[in-house]
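The structures considered in this document are given below.
Two complexes are shown next, each including chain A; its partner changes from chain B in the first to chain C in the second.
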Partner chain A sequence: MKRYDVIVIGAGPAGLAAALKADENGASVLLIEREAKLGGILKQCIHDGFGLTRFNEKLSGPEYANREIEKIKKTGVSINTLTFVTKIEKNDDSFTLTLVTRDGIASVIGTKLILATGCRERTSRQIFIGGTNPSGLMTAGAAQYYINILGKMPTKRCVILGSGDIGLIMARRITLEGGQVLGVYEVKPTPSGLTRNIVQCLDDFNIPLHLSHTVTKVFGCDRLEAVEIAEVDEHMQAIEESKHIVACDALIISVGLIPENEIAEQLKIAINPKTKGPYVDQTLMTFAPHVYSCGNSLHVSDLADYVSESGELAGTYAAKSIQKERDLQEIEIDSHLMYFVPSHLDFKSPTRQVIAYFRSAGEYENATLYIEHDGKTLFKKRYLHLRPPEMERIVFSLSPDLAPATVRVYLEVKP
Partner chain B sequence: MMKPTFEKTIAEISRLYPGVRTTIKDGCLLLEGEMEKWDEVVKVGYIAAQAKSEGVINNIKLKGYTPEPMRISSIQDSEYDGLKCDALIVGGGIVGTAILREFSKYDVDACLIEKENDVALHASSRNDGCIHVGMDLSRKTKKHHYLRRAVQSYEQLAEDLGVDYVKHGQTLVFTKTLAYLAMPFLFSAARKKGIKGVRLLKREELLKREPNIGKEAKFAVFFPEGAVVSPYNMVVALAENAIENGGRVLLDTAALKFEVKDHRIISVKTNRGIIYPRVVINAAGVFADIIAGMAGDQFFSIHPRRGVEMILDKKAASKSVNSTLSFYAGNSDKKAHTKGGGIIPTVDGNTVVGPTASECPEREDYQTTKEEIDALFDKHRHTLPSLSRSDVITYFAGIRASTYEEDFIVRRGKWTENIIHAAGIQSPGLTAAPAIAEDIVKIYEMVSGEKLAPKKQFNPTRKSNRLLKELSVEERDKLIKSNPDYGQIICRCEEISKGEILDCLRRPLKVHTTDGIKRRIRAGMGRCQGGFCQQLIVQIMAEEQKALLTEIKKKGEALILLDDNKGGMR
Partner chain C sequence: MKKSLTCIVCPNGCRLEIDVQSHEVSGNKCPRGIAFAINEMTNPKRSITTTVRTTLSEYPVISVRTDGDIAKDKIMDLIHLLKDVVVTEYLPIKTIIVHNVFGTDVNVITTANMQKGDKCL
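Coming up: the complex of A and B.
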């Protein structure tokens, strides 16, 4: 049985970056991908805007992925595509993975594991839309695959539910391909996507964005024929009098992403309900020793650049860590924060620099973020504007003599 | 002579609903008129049924409502024009396919027509897959008779057909200690009904077996015969095995008109030509009364009863139940005409929660509503306190083909000589169907006056499409080495390979839609609901069936892809 220092599961931006860094730090690395090609979801993201921080350039998704793929080809990383991890078992000092491949069932052993399994889209059923379940009811990612990979139109006249980034990107894409987007409907009073996408994908194409509106019902037995739209009140309940029918041939759903952690769950790794990804420390190690999590399976990022960065962190630490014992302390967050990653700090770790990502729970102006340890402020940063859709990144450090204690993170919000 | 109960019932109806005209038609009660509310229309039907006539024909119209016509295929051709057969089965659900397979054991030319482009598209795929034990059924009913007969041999049938059958038992939970006093009666009733192995579970044992159920549970009765199958796989298997033994399944073919002369059916007009059968078997589900009417033999009415069920993620299995479980709800269930509903672990490891029950005039309206989903949560919150919206991966509606007598109809025609009805088959129809099919063949012999000779070469077994992931590593490895497509995973949630999808497309009953693949081998049935794999399945299907991507259908006649890209705005 082949044995590797580090096995990376998933070859999207996180997995590619993790494998590259683990290799760079001297580990023998196996990168496992279930699809035929590397790059993950980037393959179908042909719009630009990728790589502004990582490469200082505006790239398309495939271009961004290709830069990483070209790099990895020059390394000693072993790559298994069309390979599906069907089972993971924990041994005393390693993990045995059972793989399904076109050559048969294979097993490999890894000392450390990096989970870079990405995320999936919430479906129409998970938001309990009523009515029928016809053809034409699809997620934005599926529509994106049909149009960008297969070159086929799954719709000619659609409604988009959810103002998440993929939904916005698809509104523009469908319009460019001659389809008609009747409107983007968002149940919340504020958009879910990045401001730049609202401007570039909707405003520039005169596509209306209806805030505080949702789709309550889908019509059509075999093919979707219409949807029922309703305005919602402050409790997100549909207002009966506002209900009206919009005729269309598709409803494209962009209502959020869920980190894929089925493999983590097989290893009984604790999942943070706030992020739906594993709890991790500053080295992105989960509660299970030697298992790391990164990218969108750790928490859903808005930019591929951040996904790559967390992959790099996981790859670096997985390759370098020789540490045996941990002293995990929780990072407590206040109600103004939606989440904060890492969720824990390991005070025994030699890694004292912490790269953290957070989202605010609401829209705030002139807010100040404080990180406190034992009553003392470790870090403080002022933000002119914070919005939940825009993830923030900060770097702070822990001095070597810091006593293990709960760290508190809070936002001071001016009323 | 008018039976006194008829008189009493007619008087009661005219007192309560003066607008309704009730007449006696050859032993049946015929209701006519117009009413404002559908619930009232149904209520009158039930009152009429108290007279124990040969059947209630409820022709009362709902004011301002025109029923949707039966949905049929857009295909109009003469593919089957002039076709002759001995038995023509109308309807490709569990009952119709069980009958076709039963006929395929004999030297007889049996043909099944189904209006959809696949079998099991209505009630037979829209249920919870329970193999019931029949505790709630009176021994006087046909439901009980056929269920008990079928239960005995169901496991063997499932094995022959290569369909998973999981006998995890049925647990009826009581929340009142006082109910304990009724147990001797329950056990005696169970014995009389022929239900085997029934035993009491004291609270401690119950909670050990079912640790996740509500704390109000005091004790339970366990019925070890209770089981589950995949209902659509059962139907597909019956159809495939019948085809392999010479039966014919004509899809996209709807019975539109019957030519009846001197109480005999001469021909059946379909959208694909006129068929000349010796005998017609009516297994048309919610349309059974309409088919009977076309044949001049309507002595009963179907009143559609909707039910909604939810399916939970396999991941929720550890906080779910280990047997088909329900809380005893007293007599209220009987009034609601459901089997009480419950929490059911499926053969595939998911959990089904349901069903609701509501009367509706529509026979094919599968819309679900927020209210119905909320009702399911309300109903089962006590049974399974951990029930969570985030575990729901999908939900669906089904429509029961109920008669006002609330019992199965398995008999030859009343007025028309060469029709046999298998009608009003609602729950427990999935369980009872194989036994019903046996009787239908016997009735066929009576009607046709011909003793059927068993087919020597009949092969009861069918090659299973059991999933590769359930095989041992060695077996799976061997299969992949013989065909690498078995090693390429397409559906990540359910771990289904390309090879399995191709096999499914090459089976005896042609698959026309991606939903057809989903029902057969679960590709697209997991938590992402096909979000990742439908795109790949469309390509595999197009390649295998030498079709364009823009010709691949999801369900019915609905395409997935409408056109090529335009190449941008110019």
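Coming up: the complex of A and C.
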């Protein structure tokens, strides 16, 4: 049975970056991908705006992926495409993975595992839309695949539910391809996507955005024929009198992404309910020793650049770590924060620099982020604007003599 | 009079204010914001990403983009022009398929590597 120092599961931006860094740090690496091609979802994200941080250039998704793929081809990383991981077993000092490949079933052993399995879109059934389930009811990612990869238009006249970035991008894409986007409906009183996407995808094409509105019902047997739209009150309950029918041939859903952690669950890895990804320390190691998590399976990022960065961190630490014992302390966050990654700090780890990502729980102006350890401020930063859809990145360090204790992170918000 | 804009140059999405007469810009974190705001008032421009058809079985369409910005009111003209462009051979990434769009120095380039026998479906 083949044995590797590091096995990376998933070859999207996180997995590619993780495999590259693990290889660069001297590990033997196996990269496993279930699709035929490397690059993950970037393959169908033909819009630009990728790489502004990582490459200082404005690239489309396939170009961004291509940069990483060209790099990995020059390394000794073993790559298995069209390969599924069906089972993971923990041994004393390693993991045995059962793989399904085109040649049949195979097993490999890895000393360390990196989970880079990305995320999935929430579907209409997960947000309890009533009515039938006709064709024309699809996620934004599915519409993106039909148009950008298959070259097929899945709609002539559609309604988009949810103002997540993919939904906004698809509103523009469908318009460019000659389809009509009747409107983007968002149940929350504020948009979910980046402001720049509201501007360049909706405003530029006069596509209306209806906040505090949702779809309550779908009509149509074989093909979607109409949707019922309702305004919602402050408790997000549909207002009966506001209900009206909009005729369309598709309902495109962009209502959020959820980290994919089926494999982590097999290993009984504890999941953080705030991120829906595993709890991790500053080296991105989960509660299961030698199992790392990165990219969108750790927490859903709004930029591929951040996904790659977390992949690089996981790859580097997985290759370098020889540590046996951990002293994990929780990072406590206050109610002004939606989440903070890492969720824990390992005080026994030689890694003293912490790269952290957080989202605010609400929209705040002039807020200050504090990181406190034992009553002392470790880090402080002022923000002019904080919005939940816009993830923030910070770097702070832990001095080597810092005593293990819970670290508190809070936002001071001026009323 | 001042006009509020959201900068679309990078994901920071700076909230800009520009004086309609003097074109004085505030709220920008970098100089690109100033250029963006002034352009928005005088000649708004966008980069365009889309797909063009191919005759190759591996690729029903191939992704392309402009390698610079074109005038916002030319977006649909460019989309219509690209409806008639068909790629008939396997092109490496960043191959120019339309030169000097509408007399500008902007080209349309491919954004994916095409290879015979590739599985992309």
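One rule holds for everything that comes next: the second predicted complex is superposed on the first by the 415 of 415 C-alpha atoms of A that agree within 3 Å, B and C clash if a C-alpha of one lies under 4 Å from a C-alpha of the other, contacts with A are read in each partner's own complex, and residues count from 1 in each chain.
Note that a residue touches a chain if its C-beta (ideal position, glycine included) is under 8 Å from a C-beta of that chain, and two chains touch if they have at least 3 such contacts.
Keep in mind that what you see is a predicted model, and the values were worked out from it rather than measured.
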| item | value |
| --- | --- |
| Which of chain B and chain C A:D233 touches, first, second, both or neither | neither |
| First (chain B), second (chain C), both or neither touched by A:E365 | neither |
| Most chain A residues touched (candidates chain B, chain C) | B |
| Which of chain B and chain C A:E330 touches, first, second, both or neither | neither |
| Partner chain(s) touched by A:K37 [first = chain B, second = chain C, both, neither] | second |
| Which of chain B and chain C A:Q200 touches, first, second, both or neither | second |
| Contacts of A:R125 with chain B and chain C, given as first, second, both or neither | first |
| First (chain B), second (chain C), both or neither touched by A:P134 | first |
| Touching partner for A:D48 - first (chain B), second (chain C), both, neither | second |
| Touching both chain B and chain C, residues of chain A | 147, 149-152, 176-177 |
| Contact set on chain A toward chain C in their complex | 36-37, 43, 46-49, 52-53, 58-60, 62-63, 66, 147-152, 173, 176-177, 194-196, 198-200, 204, 302-303, 385, 390 |
| Chain A partner contacts - residues on chain C that touch it in the complex | 5-8, 10-11, 13, 15, 46-51, 53, 60-61, 63, 65, 72, 75-76, 79, 93-94, 111-113, 118-121 |
| In the complex with chain B, residue positions of chain A that touch it | 34, 82, 84, 86, 98, 100-105, 120-121, 123, 125-126, 128, 130-136, 138-139, 141-142, 145-147, 149-156, 175-178, 216-217, 219-223, 249, 262, 265 |
| Touching residues on chain B, where the partner in the complex is chain A | 71, 315, 364, 366-370, 373, 389-390, 392-396, 469, 473, 476-477, 480-481, 484-485, 487-489, 492, 495, 497, 527-532, 534-535, 538-539, 549-550, 553-569 |
